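Take a look at these structures.
In the two assemblies presented below, chain A is common to both, partnered first by chain B and then by chain C.
Here is the complex of A and B:
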């Protein structure tokens, strides 16, 4: 089961996360974790809208030997992220901290990738060559201990 | 008229009646068979019947196409409605000087930031004294987003209005406790109704 959604406008992010949520329920996730998976899709999807070029979200059921769960891949053709270590920190963009007076009107609090990490059990970033992509997996049975 | 051609005639008419009966049952695929040469009087009648059945069939196809189109459109509209509800952040003045930001759907970091922008701007524009951020129905949020809502309430106070959070679900309350999100002096109320009562009682006339 694989669902691809091209991300061109806000409505597409909505569509992608609805599909992800439906898939999560179909895989057997309870309502709350299904919503968390939808949030992961939402964060990665809005990042494509804000910073990416020609991106898409692919959600699928994991296949063995990967434990049962939902996998979210967000890829786009824009240039790789300058500093991923910085970018995943809460309150940071990829070039440094976002001041509190900056996030007003900035359209973000710099916690998107942080949320993706917190709400997933596995998180990877691949800068390319080729398309860059993020892969986040949420397992059905083994929740990783969340580090805050 | 010979007996033979009389028999043939009855046969053809029976045929035609059968086809018409089927039309009555909704079968528009049958056609009356036209025997002999095409200029017999019956041949013209039968050809007319066939044309009529054909145009009925075409019409029915078209209706079916409309039907599916309408259903598709309705489904799209329903989806767009849901999307608008989830993607927009309306601020409603529920009482003179009291603004309410009802939060529905899925809240991610971008949306929580939008809410801050929209609410602070609305408070300034309408010179509101009170703001209620109602998150009833929101079961799941990332910890940073929860934290952001608390900060939102604090920012509202910084610009001189009062802000309460209402409808915090047990799940979100747990998140707050687990992550040590400090409510500070941000007030919370169980429901929108309670918050409204609280404000209306404290409201200074303008």
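Here is the complex of A and C:
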């Protein structure tokens, strides 16, 4: 079970997150966590649109020995994130805090990656070489590993 | 399925505006909605805005930003906003995402949002207003 969605415009993000929810349900997740997996896809997909270059989202069922769950990989060809430690903080971009007055203008509040981490059991960021990517996993039976 | 293509209706209710936010909003649609709502408030001098999100299947940080931004913009025009129709799953997700609809009032249902704006529920046993429409047949 693998769903691959190229992210070129907002409609692709909608497609990717719907597919993610369907796949999560098929793997056996209840409605609420399936929705959360869709949100992870939505956040990572929106980031590709806003900051990335030629990206895609691959959602798949995990394979043994990884415990059963759903894996989300979001990759793009843009330059790596300046400072991932800052970027994952709520209210932060990758270079520092976001001015609340600019929330709308820049179309974000800096909560996306924080949300991805809170909604995932495992989170990784790989700056490259090659394409940079994020990998988030949600296990059917939860345990948490966060690595940035 | 609505896929970010339909224009969202804006409904006038006395001095209030009711917007059933639905489908999947691209930035263009969000901008369009914002523009339409602000223009309508300006034209009608609306005292309150109700954003009913029952029709959204999920809220991500983008949607929270859109709703918060709209509420902030209307507040500048002296119009209060209430968001209603957030279902249990969505409420939990918003919370576990650590998101909040900053400074935005919420109500569980549309009825509660209307009550909060001082709209009174109809008294029990009111005559069916449809009776007064000539030739109207009740389908039972």
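As a convention for this text, the second predicted complex is superposed on the first by the 142 of 148 C-alpha atoms of A that agree within 3 Å, B and C clash if a C-alpha of one lies under 4 Å from a C-alpha of the other, contacts with A are read in each partner's own complex, and residues count from 1 in each chain.
The definition used in the following text is that a residue touches a chain if its C-beta (ideal position, glycine included) is under 8 Å from a C-beta of that chain, and two chains touch if they have at least 3 such contacts.
Fair warning: this is a prediction, and the values are worked out from it, not measured in the lab.
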Query raised in the report: Thinking of the overlay built on chain A, is A:90 touched by chain B (first), by chain C (second), by both, or by neither?
Result: both
Query raised in the report: Given the touch rule stated above, what does A:36 touch, chain B (first), chain C (second), both, or neither?
Result: both
**Report entry** Touching both chain C and chain B, counted on chain A across the two superposed complexes
**Finding:** 10-11, 14, 17, 31-32, 35-36, 38-39, 42-43, 46, 90, 103-104, 107-109, 111-112, 114-115, 118-119
Query raised in the report: Mind pulling up the chain C residues that touch chain A in the complex?
Result: 3-4, 24, 26-27, 57-62, 64-65, 68-69, 72, 89-90, 92-93, 96-99
**Report entry** Footprint of chain C on chain A - complex, ascending
**Finding:** 9-11, 14, 17, 31-32, 35-36, 38-39, 42-43, 46, 90, 103-104, 107-109, 111-112, 114-115, 118-119
Query - Interface residues, chain A side, partner chain B - complex - result: 10-11, 14-15, 17, 31-32, 35-36, 38-39, 42-43, 46, 50, 90, 103-112, 114-115, 118-119, 148
Report task. Would you tell me which residues of chain B are touching chain A in their complex? Result -> 79-80, 82-83, 86-87, 106-110, 112-114, 116-117, 120, 139-145, 148, 171, 179
